[in-house]
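Below are two complexes that have chain A in common, paired first with chain B and then with chain C.
Take a look at the complex of A and B:
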C-alpha cells in the first residue's frame, strides 16, 4: 500500500509536467500570435536605424501580409517603400513556405526591373536593419529545439522563458532565450546569444496594442549589443482582415502597386 | 663659496658617519621600492600622443562615423599550389569557425570566405549569401567559386591574391582586446589544422603592438640584470677588486630604484621608452668611476684613506657636478616633449641623474671608508699614471694630438665633411613593423602578405561634402572612382583601395546580368540610391556603414598600404591634394586611420626632438661656459660632442637606416652624455696647468701645456676611458636584443661613448695645442 502511494505521488508529479505546456508548444502558439494573426494584415511602419554613434537612417514602408493556411503554413508578403526618398516606389515581395526557402522578388524603379532574389541567407539583414528576414517573417518552429526553462515575470507580466537552440549551425547565433507573454503569447523580449555564449542581440516589445481583437506589437526594438547599433520599428497604422486580394502578390503590381493597398 | 661648503660638509659628514649615511640611503630606497609592485605597462603606440590630440580625436570620430574597428588582425593563408583546393578550403572554413568563437574578436564583422557576402546573378535571379557556405565538392563548384572570387573587384587582392595562392581572414577586435593574446589563440587554432602545404601568417598592427609590449617586458626583466652583471664583470676586470666593482654597482642600483619608484609612484605606466630607463641609469652611474679612479691615485700618494677621500672629492667635484647637470639637462629637455612616454622617460632618468649627484657626495665617500687598507694598497699599486699600460696608451694617443696637431685637425676636418655628406642623406621615417627583426614571425608575415595581397597597413581618406545625399550623386561617385584609380596607379605603395563607388558598380553589373559594360557608375542619383539600398539588403549592414555615413554626406575611401612607413601616408595625402587641384570639386578630403596616426606621430616626435635638441644644445653650452668661465673653452669642449653626433648621423645617413623615433630621442639626450668627457678633460687639464704654473702671471708656455695635456690624458683620461668602456659594456648587451629599437639604442650609445672618449683624448689635445695662443690670450682663465 505504501509502495502504491509512492508510485501514485511519483506519477502525479511526472504527470504534472505532462499537463503543463512544453517549449515547442509555447513557440508554436507564439508563432501563431506573432506572425499569423488574422487572415491578412497591413501596417504602415517607420524603421529607425540608429548607429552606435547616434546617427539615424529612416525607412518608411507599408507591409501587407496574407496567410494561406494554418499558422506555420504559407504566407505572402508585399512591401512598398516610401522612404528614403530615392527608393520611393521600390517594392519587395516574399512567398514564404514552411518546408523550403522563401521566394523573393525586388522591383528597382530606376531601371524598371524586377529581379528574383535567391535568399541563401535567411539571417541576413532586412534593409540594413538589425532585423533579419527571419525576424520579419518568422522562423520555422521546427528548425529549433525548444526547452521551457522556467516561468517568470517580466515587467509585471507572467512569461514563459524558452530556450531555442537551432538544430543546424547555419545561423549566426548559438541560442535564443524568449520571454513569451502567457496571456497574449507574444514575445516580450528575446535574447540572442552568440556561439561563445555572449549576449549578442536583444529584441524588446516596447508597446502592445490590441487591434481588431489581436494583440499587436506596435513598437519594437532590436539592439545589437556588441556593435551598439539598434533598429526601432513603430507601426503608424495597423489593421487586420481587410481583404487583401491574391492578385496583389504579382509582378504586375510589384511594378505598379495599387494606391489603396499601399497608402 | 657657499656651494662648495655644502658639498664639503656633505662629504665630511659621510666620511665621519658612513653607517648612518648607508642607513638613510637604504631607508629612502625602501620607500621608493614600495612603489614598484604598482607597476603598469602601456605598449599602445597610440598613447604616445595624448587622448586629446587632434589626430586621435579625429580618428575616433571617423571610426564612429563609419563603424570602423581600431584594430584588425590579418591571418594570411598561402599555398604554393593555390588555395582553391578542397583541403585548404576546408581548413579555412574550420579556422574561421574557430576564430568566430574567440573572446575579444568582433565576430559579426570577421571577413573570410564563409562570412563575406557576395551578390551574383544567375539568369533572372540575384543570389545573395556567403561567398562560400560549404567547400565545393566537384570541379564545377570549385570553378564557380573561382569565378566569384576573381570577377569581383571587391575580393581581388583583399581575400584572394591575383595568383590565387594566398587568401586572408580579416579579424577585427573589440575595443580593449589584447592583440597578442588573440593572435596566440589563432595560432593554436591554426596549429590544429596544419599540413596540406598551407602556410599561415599573422599580421596587423595590434599583433605587432602587443607582441612588442610583451617582448619589451621580457627585455626589461632580462637585459637590465645582464647589463648589470656585464658592468660588474668589466669593473672587476678594471680594478681587480670585488669591493670596488660592488661599490660602483650600488649607486647604480639605488638610482634605478629611486627613479622607477618615482615614475611608478606618480602613476605613469611604463612605456617602451621608460623600459630602457634602468639600463640608461646604470650607464650614467658609471660616472662615479671618476671618483674611484682618482681615489686610487691619491691613496697611493697619501697612504691615508680619509685624507685621500676628501682630496679626491675636491678634485673631481666640479667636473662631476657639471657632467651630471649636463646629463640631467639632456634628459630634462625631453620633458618639453609632447610625446608623453618621452616626457616620462626624461623625468625618470633626469631625476635619477640628480640623485646620482647627491649620492656621489654622500653614499660613495661613505662606501669608500669601508675599503680595507690592505686591499687598497694592493690595488693602488697598479694605478700608476706613469707606468700603467693603459695610461701609457692614452698618453701616446694624446701625444698624437699634441705633437701633430695639424695632421690630426686635418684628418678631423675630412671626417667632418664625410659625416656631413652622410647626414644630408638621412631619411626621416618610422615603421612599427621594422621594430621587429627581418626574420621574426611578425615581419615575415607582413612581408608575405604585402607581397601577395593589397596591403596590411590601413589608411583612410574621408571625402566630406557640404550637403546631405551628395555622395549619392554621379558626380561624387565618379570622383571617388577617379581618385581611387589615380592613387592606385600613381603610388606603388597603395595595394588596394575601396569605396562605396565599388559597391555601386558591382550592383549595377550584377543587375544587368553580369554584363561588364555595366561595371560603371550610373548617371542618375535615384538609381545610385536604389542600388545602395539593394546593397544594404544583400550585405551586412557594416559593409555599407564602413564606406558612407548615414546622411550620405561623407564617404570613406579605404587605402591599403603595402608598408608601415610613415612616409607612405604622406605620399597618399600629397597625391590626393594633387588630384583635387587638377579636378576641383565641392568636397574636402581628410586623411585618417592608423597609417595617418603613424605619420602624425612620426612628425610630432621629430619636431619634439628637434625642439629638445636645440634646447639641450643651448643649455649645455651655457653650462659649459659657466663651468669653464669662458666662451672659448666652452666652444672647445663642444667639439667632441658635435663631432660625435655628426659622425653618428653620417653613419645613419650612409647606411640608409631610417632616422626614427629611437634615434631622434637618443640624439637629444646624447648631448648631455657626450659632453661629459670633455668636461672632465678640460676641467682637470686647467686645474693641472694652474697647479704647475703656481701663481706665475701670463700665458703658460708651450711645453707646460703639452705636459699638462699628456698628464690629463694619462690620469683623468684613464677615468674617461674606464667610464666609456663601462658605459659601452652595459649597453652592448642591447645589441643582442630581439627588437630593433633596443639594438639601435645599444649601437648608438656604444658608438657615442667610444667616439666621444676617443675624440676627447685625441682631438682635444690637438685643438688646444693649435689654438693655445687664442685660448690663453688673457692668461689661464682666458
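Take a look at the complex of A and C:
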C-alpha cells in the first residue's frame, strides 16, 4: 500500500514535470511569436516620443526583417528613416547573431558614406526613444533566468506571469515581469524593475491585429515611470512573407534603398 | 559655367520627362507623385577668438543659406538636385548659388549608373583620407561649417556593378575639381615665399587623356568589410613651382599627376569594438625619382582606427595615421635652402568622444588631432541641440596650436574660431 502511494506520487510529480510549461519555454515561445513570425516582415511605423512636459517628437521609419534559421537564430534588419528631416534618407542595417553582439552599419546621405558603428550596448536607446535596441530586435532568451510565477488574467485575457532575471549585471534593470498571452504568446505587458525593486519602465501592447495569420502588436507604448518620458509606436502598415531578398542587406541598397521595399 | 550646363542638361531633361509623366496634376498637386522636395534654412557664423584675420576682418564666416533638394523617381530612373542659395556677409557680400549635387541615375538588377555632380566618399578614416581621393573643402572644415561641407562633389560618371562575388564602383571624372584651402585673407598661414605675388594657377585641362579614373572593389572577407582601390589622376592640392629656383619672380600653381593604390578593412575586433585599417601607395608620377623638391615625393600612407562604445550613448574612437616619404634622401639633397624640411615620417593621431543626452537630442562631442611628429594640434569641441524635430543649433570651436609656423595645424595658431550653426529643416 505504502509502495503504491509512493509510486502514485512519483507519477504525479513526473506528469507535472512533463506537461506543465516552464518559464524558459514560455519565453522561447514568446520570442518566436514576437520577434520571429514569418520568414520576413516589413512595417512602416511612427514612433512618438513624448516628454514628461508633453513635448512630442516623431520618428517615422520602415523596418524590414528577415530570418535566417529558427526562432532565436540570426536575423537581418534594414531600417529607412522618413522623418525627422535631419535624418531623412538615412538607412541603418543590423546583422543580429544569437551568440554574440550585432553588427551595425549606418548610411549618412549628406556625405554618401556607409560606416560600421560600434554596438556593444544593446540596452542603449533606439533613436532616442524609450525602446532599447534589444526591445526592437529581441533579447537572447538564454541571457536571463525565467521563472513562471503564476497564471493570471490581464484585460480579460489569460496570461502567464514570468519573472526574468538577467544572469549578468550588464543591464540597467534588476528584473522584468512579463504578462504573456496564453493564446498568442505575445507580451501584453512588461514591467522593468530597477535593482532596488522600484518599477522603472512599463511596456504595454495597446493593439493587436492578425496579419496574414500572425498576431501582431500594431500599437505599443514604452513608458519610463521614473522620468515620465514615453514612446508610442504605431504600425501604419505591416506585412509578412513578402520575399525580402538577401541582396537588400548590402552597402549598395543602404545607399540606394529601393522604393518598393521602403514604401 | 559650361560644365554646370553640361551636367544640368540631362538632369533637367529628365526632370521635364518626369513632370510630364506626372501629368495634368503637376500644377494642382505639387510636388507630383515620385517627386520630393526637402531642404533647410541655415545661419552659419564663425568669429575669430585669437586674432583678427589678415585682412582685418573678425569673422571667418557669416552667411545665411537655403538648401533645396529635389528628388524625382520613376523606376528605373532617378534625378537628384541639391542646390544652395546663400548670402555671404564677408567675401562677396552678395547672393550667390552653388550646385552641391545634381545627377541622373539609372538602376538595373546587376548594375547602376550615376551621371553628373555627385559626392563620393571612400575609405574608413574619420576625417583622415587615404583612398578618398575626391575633392575636399578644408576652408569649410577649419572655419566651422557643418561637416558635410568638407566634401565636394565630383563632375563625372559612376558605374556600380554587382556580379555577386564582389561589388565594384568605377568612376570617370573628365572635369577636374581641386580642393579648397583657407584663403590668405582670412587665415594666417605659412607662406615660404611671401614676396612673390604672381601665382597663376593651371588646372588640368578637360581631355580624354586627363580624365581621372577611380575604381573600388569591395566585399566581405572573414567578417570584415574589405575594399581595394585604384586611382589615376592628379593631386588636388596645388604644387608651387618657381619659374627660376634661384631668383623666382613667379610661382606656377600646378596639380601634379598622381596614382593611388590602396586597400581598407573594417570589422569587429577587440572587445566588440570596430577596427579600421587602411593603406595606400601614393605614386607621384611627375616626381617618381623624388628629385623635384616642389612636387611631393611618392608616399606610403596608412591608418589604424578603433571605435568602441564606452557607455550608454557614449562612443570613443582613436586613430593613428602615418605618411612615409619615399626617396627621402633625394628630397633632402635637392631642397633649396630656407625652405622648411618635411620629415620622412609624418604622424597624426585623433581622438573623438561623443556623448548623446536627453533622448539623443543633445550631443556633446570632442574631436582632437595631434601630430606626434610635428607637435601641433587641432581641437574641436561642439555642443549640438535639437530644439524640435526641425530646428537644431550647434556651438563649437576650432583651436589650433603647437608645432611650428609651417606645420599643418601650427600655422593656424592665430586662427582660432568659435562658430554657430543653426538650421531649420523641412
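The working rule: the second predicted complex is superposed on the first by the 251 of 263 C-alpha atoms of A that agree within 3 Å, B and C clash if a C-alpha of one lies under 4 Å from a C-alpha of the other, contacts with A are read in each partner's own complex, and residues count from 1 in each chain.
Here is the rule we go by: a residue touches a chain if its C-beta (ideal position, glycine included) is under 8 Å from a C-beta of that chain, and two chains touch if they have at least 3 such contacts.
Bear in mind that the values here come from a model prediction, so they are computed numbers and not experimental data.
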item	value
Three-chain arrangement built on chain A, chain B and chain C clash or fit	clash
Which of chain B and chain C A:61 touches, first, second, both or neither	neither
Partner chain(s) touched by A:53 [first = chain B, second = chain C, both, neither]	first
Which superposed partner A:244 touches (first chain B, second chain C, both, neither)	neither
Touched partner set for A:90, first chain B, second chain C, both or neither	first
Which superposed partner A:26 touches (first chain B, second chain C, both, neither)	neither
First (chain B), second (chain C), both or neither touched by A:226	first
First (chain B), second (chain C), both or neither touched by A:195	first
Touching partner for A:106 - first (chain B), second (chain C), both, neither	first
Touching partner for A:45 - first (chain B), second (chain C), both, neither	neither
Residue range of chain B overlapping chain C upon superposition on chain A, of 494-502, 566-574, 656-664 or 764-772	494-502
Residues on chain A lying within both footprints (that of chain B and that of chain C)	49, 51, 57, 84-86, 110-111, 113, 115-121, 124-125, 127-129, 172, 229
Chain B to chain A touching residues, read off their complex	64-65, 67, 100-103, 106-109, 117, 122, 124-130, 133, 174, 469, 472, 511, 522, 524-531, 533-534, 536-542, 544-545, 549-551
Contact set on chain A toward chain C in their complex	49, 51, 57-58, 83-86, 88, 100-101, 103, 110-113, 115-121, 123-125, 127-129, 172, 229, 247, 250-252, 256, 258-260
Residues of chain C defined as touching chain A within the complex	38, 40, 73, 75, 105, 107, 112, 118-121, 124, 147-148, 150-151, 160, 162, 167, 218, 223, 225, 266-268, 271-274, 307-309, 311-313, 315, 317, 356, 359-361, 386, 388-390, 392, 423, 425-426
Touching residues on chain A, where the partner in the complex is chain B	49, 51-53, 55-57, 81, 84-87, 90, 92, 106, 108-111, 113, 115-121, 124-130, 170, 172, 194-196, 198, 200, 224, 226-227, 229
